[in-house]
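Dumping the structure here so I can ask a few things about it.
Letters A, B, C, D and E name the chains as they come in the text, with residue numbers starting at 1 for each one.
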Amino acid sequence: MNREKKQAELITEISGVNPLKCMKCGKCSASCPSFEEMDIKPHQFVSYVANENIEALVNSKSLWKCLSCFACVERCPRDVKPGKLIDAARQLVIRQRGQEYLSPDEIPALLDPELPQQLLVSAFRRYRR
Amino acid sequence: MQRIGVFVCHCGSNIAATVDVKKVVEMAALEPGVVHAEDYQYMCSEAGQSLIAKAIQEKQLTGLVVCSCSPRMHETTFRKAAERAGLNPYMVEIANIREHCSWIHKDMEEATRKAVILARAAIAKVNLNTPLQPGESRVTKRALVIGGGIAGIQTALDIADAGYEVDIVEKTPSIGGRMSQLDKTFPTLDCSACILTPKMVEAAAHERIRIYTYSEVEKVSGFVGDFTVDIRKKARSVDMDKCTGCGVCQEKCPSKKTPSEFNRGLNNRSAIYTPFAQAIPNVPVIDREHCIKFQTGKCGVCAKVCQAGAIDYEQKDEIVTEKYGAIVVATGFDTIKLDQYDEYAYSQSKDVITSLELERIMNAAGPTKGHLERLSDGKPPKEMVFIQCVGSRCADERGKSYCSKICCMYTAKHAMLIRDKYPDVNVTVFYIDVRTPGKNFDEFYRRAVEQYGVNYIKGQVGKVIPQPDGKLLVQGVDLLDNRRIMKEADMVVLATAIEPNPDVRKIATMLTASIDTNNFLTEAHAKLRPVESPTAGIFLSGVCQGPKDIPETVAQAGAAAVKAIGLLAKEKLTTNPCTAKSDELLCNGCSVCANVCPYGAITYEERQVNDHGIREVRRLAVVNSALCQGCGACTVACPSGAMDLQGFSNRQIIAEVDAICR
Amino acid sequence: MQEGMKNGCAGAPAVLLERISTLLAEGTVARVLGWKAGDMAYNPEPAYFETQEALKDFVYDGFCGANLSKYMIEASKLEGKTLVCLKPCDTYSFNQLLKEHRVDREKAYIIGVGCGGKLDVEQIRRKGIKGIQSIDGAQLVWEESDPGTELKGIGDDVLTIRTIYGEKTLPYGEALLERCHVCKGKEHRVYDELIGQSRDTKDADRFAQVERIEAMSPEEKFAFFQQELSKCIRCNACRNVCPACSCRKCVFDSNKFDSSQKANADSFEEKMFHIIRAFHVAGRCTDCGECSRVCPQGIPLHLFNRKFIKDINELYGTYQAGENAEDKMPLTSFDFGDAEPGIVGERG
Amino acid sequence: MMYKIARENLSALFRKIAEQQELYLPVRRAGQVNFGVWSEEAVVDLDTLKSVKSPKDVFFPQSENLYTVQKEGRKLNVCPQDLQEKDFVVFGMRSCDVQGLCVLDRVFLSEPVDTYYAARREHGAIVALACHEPEESCFCKVFGIDCANPGALPETAEGTGAENKKGGADVAAWLIGEELYWKAQTEKGEKLTEALKGILTDTGETEEQQKLAGEKVAREQAAIRAIVEQLPYSHLSLDGWNGAALNEKFNSPLWEELYKPCLACGTCTFVCPTCQCYDIKDYDTGHGVQRYRCWDSCMYSDFTMMAHGNNRTSQMQRFRQRFMHKLVYFPANNDGMYSCVGCGRCVEKCPASLNIVKVIKKFQEEKQKAQAAEMAGGDQL
Amino acid sequence: MPMKDEFKPKIVAFCCNWCSYAGADLAGSSRLTYPADVKIIRVPCSCRVNPMFILRAFEKGADGVILCGCHPGDCHYSTGNYYARRRMTLLFSMLDYLGVENGRTRVEWVSAAEGVKFSQTMNEFVEKIHSLGKNVRLEDLRCRKE
């Protein structure tokens, strides 16, 4: 199995998204506040994953432009959740960089009064060892 | 001991590709009672059937097992084939080795093993089958149509024209239905009223059609050919015979604050009202909830102004009980509620409207007298945006999973009409797909684009944001060039998903007609019996069965009528012989069975029996086989096992269980 | 020797005997279905009396515990009225039979007799008492002057039991049938007249045993019932005594259903028999307890019926079969909002 | 030679027996005592006088397979059931139960011999136990059975069936105080005793010691017999019940009254040590058929139901049958042997308190009444 | 998905003629797979299913029994499934009380339109039976094949 295929499978596994459910209506892109900043548009995430075009996706600007506001997840009529896909792609990248884990003693250094508590908790949940 | 013949069908490769039919034949031949087993390409074919007939005669078969497709498909075919060859049709059992086996399994060995077991179960059952004789029941030569929209009207007209009596029951004060609310119709743009009204008049004038408006079906009992229906005629408070339809009462009525149902609540109506000018019957009703007289006791203006003396505040609901041979359901549809779709600002802005509301606005008799204007400020719009698929094709619980089918076409119609009448208005349509299968449909849509310059953008809208200046900011994307679109619009029209009339669930329960998860009535067969309900004697007309446009509705209405006529034309119906039967020597006369019978088919009588020499008078259950529909509830309720179901007897089912588990 | 045995017999309360005698003499009833003195202190048998002279053998005491309602099925076929003595709990069964058209109300003259709990010789034996020659204290003492007010709690009265191995005593309450400890109440649900006083005998929760089993793990439950049911000898006493099992021919005796069984050949068969029997009487069983009383192997058969009663009460609303002869039975009615069968797994 | 063993060592004895062969004895399970196979976990109960089911179950099981038919395609293979081949021991049978086997022997061992039963009888050794505390329902004495002398040949059999030495128990035992006394009565018994010698202790080498033990047993026997004398049913008269009384008894109007409370259950039959009727049934196993037999009861409405129907259609007839069989038909065909042994199980277990004693008494009473009337009539004349 | 163990459960599915049997047909014509262990018996209505049939299946060696009928309110005979619902609830409760694993029995309402649900239900049920293993508590040992 080639690497990209594996990665695509990993993304769908992490995100729990079935890209085949997408009917290409574009409501995700239409709802996205970061649309203009993105080189690959939210409605395209799905086809990138479906086509196993993962290299391009993980190297895209979009990967880091998504605000995780989940408007696309909320509005998607087909329950496809492009936001979750891009989030999974990010995790894939982080894991590749060997930064998969976060340990409790690293947390104090990361604390920032401006940072939403929720984000910290979710990050910890996701990246804890 | 039976002499059973087993016939295994290849169904081309449908069965034979996954089931080793030769093996099934070989294994079946070992079963007790089996004297003949063979396979054939297509058992249901003429040649296959004659194979069966030949075996019946040559081998003196007393029972048949056909291993083939679902009994729901060809049981009747094989029963008839058996009957032609001189075998009682109820000596035939089907082993469903296609839908329940070859089509769902991939491994040949596994599928073959299962097919053998299914055949074995059917053989075990046939070993206990007994010849059954169907009874007869009469047919009441009158049909009931529930719903007075275009579907109901067309069905009623067709049945009546064929020479049978028809009653239409319509919940609202007038027949006409959704179509009467429409302004123009696609793909020819005729005026809806112009083509509907003559039909309404024809129905009203037809000597064999009776119309019960402002009425509802309350109770249904009986069965195919012999339904008994209670119809509640709600009190109109106006004497139908006296009223001349002059309309003075409506004019003078002081209570004028009730949102008009007909105009989708866009304007108000009086408490005494006819829904629309061409209403049939043209007799108003008093909406007692909003009538001052009924609410406070003081008013009575309408009675005073009515010269015909038709106002009758004392009128009461009336229950009419009628007998029918066939019932056609034509309950139609409504648009879904949009309170779950906040992103389109429907509840926030008066200028975001549904397509059906636009129909009323465009209509000369509508709230704006046909002028296209914003409901917020009455100004004519310059930019109009149409959003498709609002609530349709939706996987979550906010909307409907199906395509509402009519939206693409009516949106093209609206766009075209607006561009035609108001050439300075820009029209943009946001779509996911444009679906226009149908005669002259795609041409129609292309005209909107090519001749009328309607701007079609592929991409669902993400959000509609009402602006402080009253404009509506539509946020979307053009998917074809990956461009963000922020469009300021004056009006936004939502192509709202349609759903079956919510009343249909109640009606389906009364009729014991099955209904799917979307509340559409289920057809007896998706392809081959699309206008019949699985419940005998119940037919489906119009959108209650699935989304349809007018031409399709009218076509189906006619088809439903033909099916109903086919039933009414029969003098007698042969009844299902698979009915309950009580063994008088086992019966305790305890009445438990009668308590669970939904058809009142069980009565009791005192009768002398001879129980192995003991002669005594006993209270015994008696089943009326014309009323019994063969559900079997009584057989389980009966503690002594006296009550049994012919064709699905205790021993037969147990034999199947044993055969499967062995 | 004959005298010695007679000593054990408690006789019948005079007020009851007199009334019965009068009704028989008047011709109001053609016969009396009551009890005949046995040859031991504890074994009176159900019997018909057609003459006043025959009534000399009539007995009614603490050992007259059997439910006579079922005999009324046959009695309903006889000419004339049959007088029957029914305890409060028996009247539930009678009502249920009435509902199922198995008895004829017109053919019955019901004397509702007061009940202070009925005795079970098995309970006495279980205390290790054997060689019983006579038992004192099983007689019914109905005081005319004090009708039913001074009701003594159970356990006050004492049975004096003379045996070959010496004299023993036992509180009345300790010799009661299981059903008396969970008594439904001393009110007769159907009768023509009432005679005698009752006293409360309820001192246990009717569903406590069922709850104890419900709380067990599946393995424990299975082991419990396997052990109990393995004793079953398929004598059919439970079925034949049961007023709800009134079928002319039981499905387990009928070859029509492919389910006829005699002695168990496999442990599955006991389960099949007892589950189906309990199911057939579900919603009809009044919990009269006769099945457990008659089981020669002491299997607590009421635990099956009571489980269904408890489930019915919890899922479909409290229902007591035989409370009257009109209510719809829980298994022949339904509610649109009934629990789904999946609830069984959810309850854990 | 008399042996003994301390009560506390009985489990060692049972273990020893069970090493070599299967051991059946009264076991308490879920509150009831029935004969069952011994195991370390089994709760042995020798104090309960009567097991609910009689030990006939060991020789004539309630349900037993006769043969199996295996189906392969359309071929049928008949596989006969293996007969009992191993020796086994039944410990703790009472005199009445042993006599019950004599009744069954009459039925099953006469031609045609029931091979299943015969094999079990041949391989089974019986250790019978005296009844130290007989109960009020017992009436074995009426049938000449001595419960103090467990497993001895019944007196009534003398001269008639005495040559049938199989009748008794192989070992007689008395549980006196904290000791069990053990005396082999047959060759089979001697063999069993021999095998257990390590555990059973001699009651003594000397004649004197043997005599003392014998006296102890004799004293216990006397005590038992004294109790038996006091039992309410011990002096029941069987006068008039014999093969010759067929027509008189059969046609008696008393049955019509007696049967009335009968529930038609099979309790009396299934607890009875002598009832021997069985039904033969087929069970479809899915892959063949098992033909088995199981106890049947003449109280059941479908008893001996055949193609033509039933030969006894009313419960009165069925009720009458049971007692006529025990007291009239059986003695008529078996040299006067009754097929009741007075164990009293049916007396205790009948849900309607009916029983054979009440039947015998009722007939007796009627007879006395008739005699009295006759005498009174005679006086008048 | 191939099952890991060799255990081939015997599963009897009683399907009412009007809804669930048609649902099973739809699953077939939609090629929605479920294990071949499931064998369907057609009954006119869920209310035709006698508790005796279910016990009989277990007696003869079934490892699971499932009853499918029309959704409550949709019964072809109006009320049949309501009775079935009460009967099965009580029966299942009794089996649970006797210590029989309660996953061995199930009732599911499947309409004629729910081919997907039918197939899903059967997949789930078979999986459940796999997790429970062979039925040993409710079988007649004579039916066992050596």
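Rule of thumb we're sticking to: contacts are C-beta pairs under 8 Å (C-beta built on N, C-alpha and C of every residue); 3 or more make two chains touch, one makes a residue touch a chain.
A quick note: this is a predicted structure, and the numbers were derived from the prediction, not measured.
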Subject >> Graph distance between subunit A and subunit E, where chains that touch are linked >> reply: 2
Subject >> A-B against C-E, pair bridged by the larger set of C-beta contacts >> reply: C-E
**OP:** Tell me, please, which chain's centre (mean of its C-alpha atoms) is farthest from the centre of subunit C?
**Re:** A
**OP:** With chain centres defined as mean CA positions, report which chain is farthest from subunit D.
**Re:** A
Subject >> Chain at the geometric heart of the assembly (C-alpha centres) >> reply: E
Original post:
Where the centres are mean C-alpha positions, what is the separation of subunit D from subunit E, in Å?
Top reply: 48
**OP:** Report the inter-chain centroid distance for subunit A and subunit D in whole angstrom, where each centroid is the mean of the CA atoms.
**Re:** 84
Original post:
subunit B to subunit E: how many Å between their CA centres?
Top reply: 29
Subject >> Centroid spacing, where centroids are CA-atom means, of subunit C and subunit D in whole angstrom >> reply: 31
Original post:
Of all residues in subunit C, which are in touch with two or more distinct other chains?
Top reply: 249, 251, 257, 259, 265, 331-332
**OP:** Spell out, as numbers or ranges, the residues of subunit E touching 2 or more other chains.
**Re:** 51-52, 56, 60-61, 73, 79, 83, 87, 140, 142-143
Original post:
Which residues does subunit A have that touch at least 2 chains other than itself?
Top reply: none
Subject >> Interchain pairs in contact, sorted by label >> reply: A-B, B-C, B-D, B-E, C-D, C-E, D-E
**OP:** Could you please specify the touching residues of subunit B with respect to subunit D in the complex?
**Re:** 30, 612-614, 658, 661-662
**OP:** Going by the contact rule at the top, pick out the subunit D residues touching subunit C in the complex.
**Re:** 29-32, 34, 49, 52-53, 62-63, 65, 133-137, 227, 230-232, 235, 260-261, 263-267, 269-271, 279, 281, 283, 290, 292, 294-297, 300-302, 347, 349, 351-354, 357-358, 361
Original post:
Along subunit E, where are the residues that touch subunit C in the complex?
Top reply: 51-52, 55-56, 58-59, 72-73, 79, 82-83, 85-103, 105-107, 137-142
Subject >> Touch list for subunit D against partner subunit B, complex >> reply: 73-74, 284-287, 309-310, 313
**OP:** Would you mind writing out the residues of subunit A in touch with subunit B in their complex?
**Re:** 21, 23-32, 35-36, 41, 43-44, 71, 75, 77-79
